[in-house]
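Each chain gets a letter, A, B and C, in the order it is written, and its residues are counted from 1.
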Amino acid sequence: MLKYTAKRLLQSLVTLFIIATIVFSLMRLMPIEGYFQNFDKLDQNQIQAALKSMGLLDPLPVQLKNFYIQILHGDFGKSLIFRPNVPCLEIIGDKAPVSILMGLASIAIALVLGLPLGIAMARGKSKFWDKFGTAFIVFITAVPAAVYYLLIQLYCTDWFGVPILFSTDDPSSWILPTVSLALPNIAYYAMWLRRYMVDELNKDYIKLARAKGVSSKNIMKNHVFRNAFVPMVQYLPTSILYTVAGSIYIESLYSVPGMGGLLVNVIQRQDNNMVQALVLIYSAVGIVGLLLGDLLMRAMDPRISFTKEGGAR
Amino acid sequence: MEPNIILSVKDLEVKFSLRGKTLNAIRGVSLDLFEGESLAIVGESGSGKSVFVKTFMGLLDVNGTITGGSILYNGQDLAKFKTEKEWLTVRGREIAMVLQDPMTSLNPLKTIGYQICEAIELHQNLHGPAAKETAIQILEDVGISDPERRMKQYPHEFSGGMRQRVVIAIAVACRPKILICDEPTTALDVTIQAQILSLLKQLKDKYHLTTVYITHDLGVVAGVADRVAVMYAGDIVEIGTCEEVFYSPRHPYTWALLSSLPQLGTKGEELFSIPGTPPNLFAEIRGDAFAPRNPYALKIDYVKRPPYFTVSPTHKARTWLLDPRAPKVDPPEVIGKLRKGGFGSV
Amino acid sequence: MALRHKKTATVEQSINQSFENMTDDELFSFAGFDEKAAEKTGYSNYSYWRSTVQVFFKNKTAVTLLILIGVILIFTFIQPLLPGQHSATQIFNDANGMQLRNKTPNAEFWFGTNSIGQDLWSRVWSGTRTSLLIGFAVALTEALLGILMGVLWGYVRRLDRLFTEIYNVLDNIPQTIVLILFSYILRPSVSTLVIAMCLTGWLDMARFIRNQIVIIRDRDYNLASRCLGTPTRRVIFRNLLPYLVSVIMMRMALAIPAAIGNEVFLTYIGLGLPVSIPSLGNLINDGRVLMTSEALRYQLFFPAIVLSFVTISFYIIGNAFADASDPKNHV
């Protein structure tokens, strides 16, 4: 386990390093307008001088080296257009709490609704839940989120009399974005759990458990659910971390002052440094999620030593 | 002394529905199981032997139903059981089962201690440390050394043969009257097979079990069974004591089955194999199901299903060849060799 | 059903009658043995592809949707050629030279006009065409790239370790990020969108192919082929790929709605196609801007309905095909 953890950690770091390199290099390909607040008003000399002061005229390897050093010091550069000269991390730090809070609330909703839905579907006793769950999963996974998010915002604000835009002080304005954010996760959790539980149900050890006289209820509880949860654990951290990192759609639709909305904002305004910082943070979040998922699953499954090391997941 | 009948099956019929088609898996089987005996049910795959015993425990797949007949056990007709509550009074407690593949029949994420204690707590009304102690005792009985340490281990830490011992321990921990062993050694190495069989024999005596073996390995049958039932296409075509079925078989299918034993082959000659394939059970079968593959088939075999003809009080066979009107047919010569040579394995 | 019962009954009767007339002597005479008749009793006439198609066609929903999708696909191409159709990009003016803005659906403009006076009906079908084009292009590229890499990865043992490590690194990169980053850098056009989406999409396919190949590679029939000296290339195409084709088709069917969804997403965050190229993504985005005005919501609904129908259909078809291609579901 220790060896695996170390190996997996190293792998994540390498990935992060590669992503940072790619992101940085690609950013150099961008039009230089993204580095100036008032590009149109500057003359060529001023532009060159500014670029030089930002170190953007150095050869690429030197720039890369400086960039690594910066990042290792926790410096992601300063915003250029969005809020000029404010450190990117400070801006993101301002925005993160709302995203995290909303994300946690929606994860709670998704777990509370998604897991029972998955179990109900796997048991296959109730035709209604099976049909409803399947329709729900098909709709949510097939239709692009933009469409149903829009429809929810369009109609539910009227029906429930809640504000169409978010404000931190009004609790009722939290409801729609949080619930909307939970919808895809409800569908995914239900889908995964159902699939894994059905897989487990078809295994021989379930037959033996039935043959020794364990009731279906206890088989579901002690054998099927527990075993089906292990492969699910692999996906949970990623889905939780992404949700907590803020939804790009939801936050811009409801004007939630979080990280997801920020990304759309800085992309549209071409603030290169902000885009770079956010992309790096989102990548790191994704990588950490996958790392946690792999480690958790390994910890929960006693067969570790028997599964092949180094194979593709 | 006439032995007690512990389980009595009469004219059992089982049908499966598969995508709108009906499969006649068991076609009117009757069988009396005697207390304390060891019965082997043999037949090729698809002959319905596994389905047959699953009906004793209500373990048919959801698309399978008992459509006729009865299974009398302890004054109750198991064929009439509908709810899980009814079955829970039988499963494990009265009838327990050992499955074919020990590699998959244990929950990989639970310690084997948990899996044995689960059975003990359900059926012996023991809990906590008492259940654990009993579990250790049983593990010792099935020949697992250092049981206290092994209790805390997971299935993957056991070899195939050891896992099968654990599965057997679980079955025994239920304290059943009847133990069904569904191909208990098929998935194991030949060297381990003999150990498992002798263990099962020991446990049968120790716990006063009635055992039913399902197998296609005639060597296993000769080693463990008192009586043999030969199944073909969802029907028992011949039943008798081991000696009767092996040394004076009467049904052409039994002849064919025995002739295909490699031990009976002559060096340099091709081994015997039964021509053709088992019948399509989706279709209604008329007459004797084996007729199309039977070189000795009579015309009546295509029309009328043969009844059981009694050969001896313990020996019955379903073939028209035993009818007084039928021409006399001698079993193939190789069958005679069995008497001289015996079985190579076991 | 009843008819068939009757028929078999009569056949049985005729046999019975002929046998009833037999004497015991005849009945108890040998029937003779025919090896062919013995073989006929089995269930041998199984064909993987026929069963797959049969099972798929039993799923009425999926078949209906497949037909409808086919019709829509053809329609998006012939729609501009039909009589009485407007151009998707032309701005229409009234008699006074004013743009026909935000006209609700009417006889002239079936889906109404948008905020600058373009015909929404034509734009929706033109947009569907663009989105389907992106979907198919992405699905096809992902499949080809994925198969190529997967086959190499799985079949050439020397590459396995290297590919596995590369995969583990690449797989850790969040797909959304790649999508955003590359769309941010590349100038938006249909081809750059397709490239951005394909950058990571092939990974899953390659991993799947690799895993299947590793599983099947050492199965006996391939071992036998190799022992007989069959070249590797031939083993791949004859023994491995046919087994995988159904799953590949299913994955492609599912890649299409995903790609269409990604286009909508990229358009939404401002990295999509320019407005001059109608796509479902930018039609929905246009509709979103106007949705607070109840009278103009049709501009969101029409593209949203078509989009949902197309993506759900592909999803259901893909899953139905997955079920059908699983031999466990064959009788």
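The rule is short, and it goes like this: a contact is a pair of C-beta atoms (placed from the backbone, for glycine too) under 8 Å apart; a residue touches a chain by one contact, two chains touch by 3 or more.
For clarity, every value in this text was computed on a predicted model and none was experimentally measured.
Q: Considering only mean CA positions as chain centres, point out the chain farthest from chain C.
A: Most remote chain from chain C, centroid-wise, comes out as B.
Q: Per-chain C-alpha centres versus the global one: which chain is nearest?
A: Per-chain C-alpha centroids compared to the overall one single out C.
Q: When the centre of a chain is set as the mean of its C-alpha atoms, what distance in Å lies between chain A and chain C?
A: Distance between chain centres: 27 Å.
Q: Rounded to a whole Å, what is the gap between the Cα centroids of chain B and chain C?
A: So the centroids are 47 Å from each other.
Q: Compute the distance, rounded to whole Å, between the mean C-alpha positions of chain A and chain B.
A: The separation of the two C-alpha centroids amounts to 54 Å.
Q: Which chain C residues sit where two or more other chains touch them?
A: Touching at least two other chains: none.
Q: Where on chain C is chain A touching in the complex?
A: My answer: residues 161, 164, 167-169, 171-174, 176-177, 180-182, 184-185, 207, 210-211, 257, 260-261, 264-265, 268-271, 284, 288, 291-292, 297, 300, 304, 307-308, 311-312, 314-316.
Q: Any idea which chain A residues touch chain B in the complex?
A: My answer: residues 203-205, 207-216, 222-223, 226-227, 230, 300-303, 306.
Q: Spell out the part of chain B that touches chain A in their complex, as residue ranges.
A: It is residues 57, 59, 84, 88, 90-93, 96-97, 99, 101, 104-110, 118-119, 122-123, 154, 156, 167, 170-171, 173-174 of chain B that touch chain A.
Q: Show which residues of chain B lie in contact with chain C when the two form their complex.
A: 18-19, 21, 275-280, 282, 286, 291-303, 320, 323, 325-327
Q: Which stretch or stretches of chain A touch chain C in the complex?
A: So the residues of chain A in touch with chain C come to 11-12, 14-15, 18-19, 22-23, 26-27, 29-30, 138-139, 141-147, 150-151, 154, 164, 242, 248-249, 252, 263-264, 267-268, 275, 279, 282-283, 285-287, 290, 310-313.
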